[in-house]
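We call the chains A, B, C and D, going by the order they appear; numbering starts again at 1 in every chain.
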Amino acid sequence: MKKQINTKASGWIKWPGLCVMLVAGFLVAQEKVEQTNQPNDSGVTVNQQAVPVENEPENTEEAAMSITSTFTMDRYDALMAGIAVFIVSVFVGFEVITKVPQTLHTPLMSGSNAISGITIVGAILVVADCVKTNNTIAMFLAGLAIALAMVNVVGGFGVTHRMLSMFSSRKKKKKATQS
Amino acid sequence: MVELNTVIFDLLYLLAAILFIMGIKKMSHPRTAVFGNLLGVVGMLIAAGVSFAIIWENEAIQNRQFLSLVTIVGAILLGTLFGSMLAIRVQMTEMPQLVAIFNGVGGLASVLVAAASLMAADEDPLYIEVLVAGGLSGLIGSVTFIGSAVAAGKLQELAFFKKPVPLPNLIRHLLNLLMLAGCIWCVYDMVVSANNITLNFIGICILGCLLGYTLTTPIGGADMPVVIALLNSYSGLAAAATGFVVDQPVLIISGSLVGASGIILTSLMCQAMNRSLLSVLFGSGSLSSYEEDEEVYATVKRTTAESVAVMVGYADRVVFIPGYGMAVAQAQNAVSDLAKQLEQRGATVEYGIHPVAGRMPGHMNVLLAEADVDYSQLKALEEINPDFDEVDVAIVIGANDVVNPEARKEGTPVSGMPILNVDEAKQVVVIKRSLSPGYAGIANPLFAADNTTMLFGDGKAMIQDVSTALKELG
Amino acid sequence: MKKQINTKASGWIKWPGLCVMLVAGFLVAQEKVEQTNQPNDSGVTVNQQAVPVENEPENTEEAAMSITSTFTMDRYDALMAGIAVFIVSVFVGFEVITKVPQTLHTPLMSGSNAISGITIVGAILVVADCVKTNNTIAMFLAGLAIALAMVNVVGGFGVTHRMLSMFSSRKKKKKATQS
Amino acid sequence: MVELNTVIFDLLYLLAAILFIMGIKKMSHPRTAVFGNLLGVVGMLIAAGVSFAIIWENEAIQNRQFLSLVTIVGAILLGTLFGSMLAIRVQMTEMPQLVAIFNGVGGLASVLVAAASLMAADEDPLYIEVLVAGGLSGLIGSVTFIGSAVAAGKLQELAFFKKPVPLPNLIRHLLNLLMLAGCIWCVYDMVVSANNITLNFIGICILGCLLGYTLTTPIGGADMPVVIALLNSYSGLAAAATGFVVDQPVLIISGSLVGASGIILTSLMCQAMNRSLLSVLFGSGSLSSYEEDEEVYATVKRTTAESVAVMVGYADRVVFIPGYGMAVAQAQNAVSDLAKQLEQRGATVEYGIHPVAGRMPGHMNVLLAEADVDYSQLKALEEINPDFDEVDVAIVIGANDVVNPEARKEGTPVSGMPILNVDEAKQVVVIKRSLSPGYAGIANPLFAADNTTMLFGDGKAMIQDVSTALKELG
């Protein structure tokens, strides 16, 4: 019976999930294509990276033409690999999480909440950009994001730990021997 | 161009992702779960530490170090303070609200990161997929934020969230669709025109917030846990989208882990309540309230704590059926004490846990674990159901829908939901404050069954009364 | 007992496996770094893609300087994402394969053999390069690779199917009703 | 620069990878396994079709279409021909060899792809990680190729592979290490000097081949299946490395799936044989052959097909223990016929399957499935072992090591290996051609036990004799 529920559940989740993911990936890709095709109708291929800070971005006509920088093949590869990471991770997620017993679903929820606090990485990294462009508002937002993500992380892991240590039998045994 | 440090940092990020996966794997057993959680903590420390190291090394920052580092450290301290306060002070009965709040906070963080990175990069050329991912992150994040706020408010039973939206369903759906379309248009415009990025992003966020509100307010309070799990999934997806913005696989991996977790829990809950996700999200909204209560409840028998004590005092096998009411009354410790007393008198005590008892999956397990009940005594639906005919006394404390035999009939709001077959026990005691219905809002024929007696009163007080009476019994 | 074997097995496999993977990834990255640091000591950043076929590769001094083209940040991102894909896929593999029962281990082996025939993708794609550089030997090797991969694919899936249809009970039932 | 087609193609590649994962997931039950395999086929068709479409669209090819397309199509047809011939004509008893051959072929394909892509790109600038991955692919691939060839030869018992390498262990290990170091140096040189790529690559391949030979020849034939599973894992890793060469996530994903599969099977086999992987790979090589056979076998009792027929004809519960000898004698159909006869006479028939019976994991299951034995009759070690004292007759056909009670003692080559407790059955019949030992090369006290009788002869013939005698019994 329990088994059946699991199978059925993963059944109806997985297919739409995958479809949505594929469609989303496709949309993302589509957008890019349209965009990149536009400025490049002239046959000029612009290979400009945003990374090198040393060379000040030259204000050539290409750079002015569009604020979005051109999409290199490598960049595209990175994006595709990112999508692959996403898809495979979803599989890992399904496999790993269907093994968590019912009893632990509440801690699982708060624990995964804590993990979603990983946005703190993004929040911290973005500070560099804020400093670079000297954008105080962005800096404020980033700081707020860090604080919020930290609430998520500390609170989530903390409360999960509190719950889980209630489940661990060691504590109980100690009490039992005491009394 | 690629420095050694960058490589090491990125590998450490991947290590963090691996630790998250291993952590969740370890959650598959209560014995190893604590360790799993610690693995997660270590992973997060590594990830945050690496990010900090990257910032520390950044040239731009090293010139104007002070402000930015103060911001970061201050924000971390602030977050830690609030987070640990929440973690330490929250009552186990308030877990659903807490999870909702965390969801909302996570969603908002995603929005802010996307906003900051779009604004800060305003003058630099921006990659297109960064724009798209940023837009998605903003949309999902703001829906999650407001949606979770509404859910938390409803669970906390704040008056503000009680008034329904006075709109017919069709118009509501149309409006939502329109807003969604508006969001997508904003993302599209942002990407194609590439000019008014900030404006568009603000538009996305506002529409997302509205959407979060209109999507969640019509959903009934009983269905909130489902919504929370779904929003949990969304907050993961928002994190994954942020991963595409800042180009970090670790965010993508962790985000999709969380996304998968949320969606699985959502579906398991729906299954256990015998409802489809669609009917939860867009369903008829108001369930027709059954009004034949008086008829059903004609044969209800009252009892007293003393007679319950006599009944259980000489029983061989007692099963407690906890429900949401136990959480409200905070009766878990009283129940566990009574159970220990009964065990000392030689009875076998078990707990029958319905998958959706309480207000979130595994809610009862957490409460009983808090009260030092060994998890080998907690029996799942399919374990305990075949045994009910051998149970001497079944004590239903604060549960209602999960023991409602109406679920076996057609056409009721709980039809088809698997229930605990309490009515097959030799004797049933139901402890609740009145004959008022549970969250599904329908009458419960169990209360009027031949072998059922009702003990009216607050769950904790009643259980304590029984305990006392039992002690006097000697 | 069976459970125990599984857990223990995955225990001792996983850690060394992960370590090896990490070390390998690190080595790969290391090599790159050393290489890229060398030619770029002069501070020149070369952003040259190998992809655009339309623009003939200009024989500037940079191109002649080193046969290995420069490593862009995007390229690096793609590589990192590739490593992430690898790691996560290994997890998926472990999760999925530990669920295959003993009975089906022989078909699993031949089936996974067939899947490793996916090198056929690489073999076919490389033909384009061979044609472009007009390299007949490489073309011959690629052709051989295609044939070999195809043997793997067809043979592997074929024999797996043969084995598995022996297991499927339908055939048996039919026979049973016949006799 | 990025065309729509490219995007679609890449998404289709990912779809193929998803199908592979789903396919292996479906392998978790015999009922769905056929469908799972078909999913794999579909995935492969998509992947190959997409690759072909990409080539078809390539400009360079469209100018000189003829030759290249002929090459591709011709190669595909050739491969299909050989592959299907192998798939259709192979005997189920030859599965280990076949898997070894496929491994080798896969490894060689990886080498060739890496070689072709390095050579073809000779004049273009090459990315460094492509070089590294190409070198790895060449190394792993050639080790896999020759290693698998040796393994297949050993399993086929070709004379050539029987002579051991006349080198002491230490020197052998040193030599191997040296060769490995040479390979790594070649990769390094290829990357750093970036000049003599072809030369270095050839060096890598030659060293890899040598390494494959010297690593596998000293390993005993009984350990070949472990080596094959390990090489299976390697061939997957080679494919993953190729994925980094051509920059296709689908190759990485599928390759690591195969890699994981191989390594898991390796470890399960080692566990079931109670040996560590290291002792298999570098172990002492020659096991000390026990020479007290005569003493052990003093009390062996012979029997005839007729008396076995009488014995089983009136038994209630009969268990067959198949081993490698059943595969050699191709006796599976005869066994299954005898079993059906017994069932018609009212006996319960089961099969006790040891995890390492035969020569590869699950070998016996495949053979018995071929002979139409229902898989509910196949009992694993831990299922059947507690029941042996209730078994009337245990018929051991061609098994030896897996029923050797010596395993319970210390200090023998099979010590600690879990065995089928056949000696606890009321009566035991062992069918084999002689008293010669099994693959572990040690005597088996079971043959001389009180409740054991030996039926000497070819497995198939003997079982058929028993069948005939049973029919005459009426």
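Quick note on the criterion: contacts are C-beta pairs under 8 Å (C-beta built on N, C-alpha and C of every residue); 3 or more make two chains touch, one makes a residue touch a chain.
Note that this is a predicted model, so its numbers are computed, not measured.
K.L.:
State the chain with the largest centre-to-centre distance from chain C, centres being mean CA positions.
P.N.:
B
K.L.:
Between chain A and chain D, what is the separation of their C-alpha centroids in Å?
P.N.:
Inter-chain centre distance comes to 40 Å.
K.L.:
I'd like the Å distance between the centres of chain A and chain C, where a centre is the mean of that chain's Cα atoms.
P.N.:
Here chain A and chain C have centroids separated by 25 Å.
K.L.:
Measuring centre to centre with CA averages, how many angstrom lie between chain C and chain D?
P.N.:
Taking the average C-alpha coordinate of chain C and of chain D, the gap between them is 21 Å.
K.L.:
Enumerate the residues of chain D that touch no fewer than two other chains.
P.N.:
1, 21, 247, 249-250, 252-253
K.L.:
Considering chain A alone, which of its residues make contact with at least two other chains?
P.N.:
Chain A, residues with two or more chain partners: 32, 36, 45, 48, 51-52, 71-73, 75, 77-78, 81-82, 84-85, 88-89, 91-92, 96.
K.L.:
All pairs of touching chains?
P.N.:
Final set of chain pairs in contact is A-B, A-C, A-D, B-C, C-D.
K.L.:
What residues of chain C sit close enough to touch chain B in their complex?
P.N.:
18, 22, 25-26, 29-30, 32-33, 36, 40, 45, 70-73, 76-77, 80-81, 83-84, 87-88, 91
K.L.:
Applying the document's contact rule, which stretches of chain A touch chain C when the two form their complex?
P.N.:
Its residues touching chain C are 43, 45, 47-49, 51-52, 54-55, 72-75, 77-78, 81-82, 84-85, 88-89, 91-92, 95-96.
K.L.:
For the complex, which residues does chain B have touching chain C?
P.N.:
Counting only chain B, the residues touching chain C are 1-4, 6-8, 10-11, 14-15, 17-18, 21, 247, 249-250, 252-253.
K.L.:
Going by the contact rule set out above, which residues of chain A touch chain B in the complex?
P.N.:
1-2, 5-6, 8-10, 12-13, 17, 24, 27-28, 31-32, 34-36, 48, 50-53, 57, 63, 66-69, 71, 75, 78-79, 82, 85-86, 89-90, 92-94, 96-133, 135, 137-139, 141-169, 171-172, 175
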